[in-house]
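Two complexes follow with subunit A in common, the first pairing it with subunit B and the second with subunit C.
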Partner chain A sequence: MFYVSIFFQYMSQYVKTKLQYRTDLFVEFLSDLMFQGVNLIFILVVFGHTQLLNGWTRDEIIFIYGFFLIPFALFASFFNIWDFNERYIVRGEMDRVLTRPVHSLFQIVLERMELESLLGGITGLVVMGYAASRLHMTFHWYDAVLFVLFVLGGTFVYAGIFISLASISFWSDARSSIMPMMYNIGNYGRYPVDIYNRIIRYILTWILPFAFVGVYPAAYFLRKTEWYTYSFLTPVMGMVCFTLSVLLWNAGIKRYRGAGN
Partner chain B sequence: MAKYIEMIRMRFLMMLAYRTNYYSGIFIYSINIGAYYFLWSAIYGGQSSIQGMTVEQMTTYVAIAWMARAFYFNNIDREIAMEIRDGKVAIELIRPYNYLVMKTMQGLGEGIFRLIFFSLPGMLIVTFVFSLQFTTNVHTWGYFTLSTILSFIINSQLNLLAGMVTFFTLNGEGLLRAKRFIIDLFSGLILPISFYPEWAQHVMHYLPFQAISYIPSMIFTESFTGDVAIKGMMFQAVWCVVLIVPIYLLWKAAKRKLIIQGG
Partner chain C sequence: MYAIEVEKLRKEFKSYSSRSGLAGAFRDLFTRNYKIIRAVDDISFTVKQGEMVGYIGENGAGKSTTIKMLTGILTPTSGRVVVNGMNPHKERERFVQTIGVVFGQRSQLWWDIAVQESFRLLKKVYRVSDQDYNEHMDHVIETLDIGPLLDKPVRKLSLGQRMRCELAAALIHNPPLLFLDEPTIGLDVLVKLKIRQFLKEINEKYNTTILLTTHDMTDIEALCERVIMLDEGKIIYDGSLQHLKQNWGEGKQIHFQFRDLVSKEELASLVHVTWEQGEDRYNWIAHVRANDMAHVIGKVVSSYELKDIHIREVSTEEIIRNIYEEGIHYG
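On to the complex of A and B.
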């Protein structure tokens, strides 16, 4: 209960500080939209030269992309820890975090939230809606429940991977230059994984399970029955990933030593 | 001149201290290029060529574009923005060198480091794993080298411009991010310019972005040869010169602005 109330208090503080600088907020919205636009343009341009991507149509790929944007937006809003090493370890900020009365990871989530990224979720819904109407898709009432579960699963898969990567900085003080690249690899989960060879498919499913953020859950709504097993695994994968990463984090915290003064 | 070379060296050594980091980077890069490789193979499907490029040329294009990016890419725009926010730039300005040249040299030091410790071993691994087409033509390699140097200059110039714009705005983060997306899209890094619709290609012909990635990569895959390659490099060279004008003007304005803020 304490966690919930403190979460909303941080949230309202955040909104207040953001509304102070409205032009900045606007520019950030715009740059987010551009980021989503870049990926959409890629799909559109590519399908200007081909009809099918290994049997998947343009609108199906667009639908997957729209779905992907929603868990990604949630992830980007609350688990913005890609620069954890520089921001907390190198500058010694972690000492302060550890003195706070909430779990250290939760404290960092609170401090680093970026609610404006949630807008990406709306973009995602619009993109999905566009694709769904072109595909004449139909939905059952329970699809809404599954949708929420899959979105949460995807969010936690993403969060788990990035928390694990951040935890590595407790062991080695290497700078976090691989983080931006991870964002790139995350993009490959948006395409039907059957286009990749076995190794990459395996990596995207079990090692860096980005496929559970895009193609697997979206395949359910596209009624691709052959992928259903993976689709329904999405919430499980989310939980497993997240739990493992928190365990790793807790183990790392024990090893943490302040970085000088 | 000696002091600038020293700056390249210092940045190089600084990067060297963090080199272990780059070994994991090579692995991630290889997955990245690998995934692109399959994505493009699927896009080609049965077609033997799209827009005059075969699937082998395309995958080579992608690999070389990302490897060249390691050389020309730098964060000097972010560094400038940060030094302005922290006020460090005031001290930099009274030091006996040109701040902008100094920043570019630091970027070059970083680029050379990544070229040696990242691009070359990365390229070696990628070539073993995927069937890429490497030319043995000496001219192509020569053109490619020259073209990549020009792309470094243009990319750095754009970074300087973006960094200086943050002199005038409170928070440049969104702006710098937007710039990165524009460069990724319009430089030809994720898609060759020739894939875009006619009208878009026409617009992009008047912008400097394709000089960053598209031209060197097309030269490397031998999609541009002979006169076309030389024309491409002329395009790059012209932009190198043209971009000096806004940099000069913005720098003058930025310095004036900074004096008002200080004191």
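On to the complex of A and C.
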């Protein structure tokens, strides 16, 4: 309860700060929108030529992409801590965080939130709607519940992976240069995994489970029964990933060396 | 009941050294040279509730490392720390509720939002009730004279204004123990005085324990009865400032400016004290004990023509410098 109230406090401060820089806000909004647009065009161009990709139709792939955008937007809004090493370890900001009576990771999530990324979620819904209407998809009432569960699962998979990567900074002073690579790998999860070879599929399922952010949960709504097991594993994977990453983080905090001053 | 209890506290860091050249960089990829540096070396001390303690030492002596262990930021390598009856890094979230921290070189406040918004956020974080907040903070805001700054964003404040706000922010939950790491660094005299005045006041009013690190000895003189001096991770002195001054700083310096050139030998044969040359051979400084002062001055004045004369007390700063240069020897 305390954490919820703190969350809203930080959020209202965030909004206030953003409103102070009106032009910034506008430019950001516009560039985000353009970024989403470019992504969409890319997908349409690529699948404009191939109507079938290993048994998946163009519209199905667009639907997966749309679904992927929603957990990704949630992740980008709250767990986008790719610059954790530079910002908190090298500059020693972690000192300040550790002198406050709130869990350190939660504080960092609050400080680093970027609510404008939620915009990507709306794009995702639009894309999904478009694909769903072309596929004449039908939904049950409980699909809404599953949708929320799957989206949260996917978000936590993403969050878990990136929190784990950030935790590595506690052990080594390596720069966050692997982060951009991770974003790239993350993108593989939005295409049907069976187009990749077995090793990559295995990695995307069990090692860096990005497939649980896009294709697996979306397969349920596309009624691809052969993937259902994976679809329903999504929330579990999210929980597991996130829990492991928090444990790793807590272990890392003990190793924090501080920055000299 | 002690506010701080430290026993055989030690912190070691692994420090990697890189080899030179490209070939060295390649070798570093596989095996890295490192040595273990002991930043804090088995120190023990206790601080009573309500004490104001100056924690001093040169850069790299281990002051900040100690403070970071006492505040739960760093995990000690070995030893026992009990602060406010708790183990700082084990019960971090409950523990930090009972301390206030000011790092002079780092801001606790949010850069972009107004000071009072920062305060409001911290009030939530520390779960302070409206009643407690108003009662306590009204007084703090008034004493630190930051009322007019409250609606400005932190980035628009001067350093002095910001420091006063930082101090207020550290006191929102009215903690019984306050850690100040170089709180007056870079501040002008007026702000320093205001901050010292304020610290004294809260110490008297709430019996707040204060542990202070600083390079400014006048801070220590104004505030602390007790100093703990650190050198290379070890405590080299723990006791009253008064005692320190009496043992190492007794005596005065008399600065004579002569009308004519004088040599050291002449002066030494006149009065038997330590003479030290000033800027040139017209200027000489005599190091004398307070009792001998009149005698020395009398002798010099009766034998030479003087342009100027002034007397200086040995400052704490100099005492500390002497101790670091020559090591501690009781006398």
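As a convention for this text, the second predicted complex is superposed on the first by the 261 of 261 C-alpha atoms of A that agree within 3 Å, B and C clash if a C-alpha of one lies under 4 Å from a C-alpha of the other, contacts with A are read in each partner's own complex, and residues count from 1 in each chain.
Simple rule for what comes next: contacts are C-beta pairs under 8 Å (C-beta built on N, C-alpha and C of every residue); 3 or more make two chains touch, one makes a residue touch a chain.
Note that the structure is predicted; figures quoted are calculated from it, not measured.
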{"item": "Contacts of A:T138 with subunit B and subunit C, given as first, second, both or neither", "value": "neither"}
{"item": "Partner chain(s) touched by A:M182 [first = subunit B, second = subunit C, both, neither]", "value": "first"}
{"item": "First (subunit B), second (subunit C), both or neither touched by A:P101", "value": "second"}
{"item": "Which superposed partner A:T229 touches (first subunit B, second subunit C, both, neither)", "value": "neither"}
{"item": "Partner touching more residues of subunit A, whether subunit B or subunit C", "value": "B"}
{"item": "Partner chain(s) touched by A:Q13 [first = subunit B, second = subunit C, both, neither]", "value": "second"}
{"item": "Overlap of subunit C and subunit B interfaces on subunit A (superposed complexes)", "value": "none"}
{"item": "Complex contacts: residues of subunit A adjacent to subunit B", "value": "21, 24, 27-28, 30-31, 34-35, 37-38, 41-42, 45-46, 48-50, 52-54, 172, 174-175, 177-178, 181-182, 184-185, 188, 191, 195-197, 199-200, 203-204"}
{"item": "Subunit A-facing residues of subunit B, complex", "value": "18, 20-22, 24-25, 28-29, 31-32, 34-35, 38-39, 41-45, 47, 50-51, 170-171, 173-175, 177-178, 181-182, 184-185, 190-191, 195-197"}
{"item": "Subunit A contact footprint on subunit C (complex, rising order)", "value": "13, 64-65, 68, 71-75, 89, 92-94, 96-97, 99, 101, 103, 105-108, 110, 112-113, 117, 120-121, 124-127, 153"}
{"item": "Footprint of subunit C on subunit A - complex, ascending", "value": "2, 5-6, 9-10, 13, 16-17, 20, 92-96, 98-103, 254-258, 260-261"}
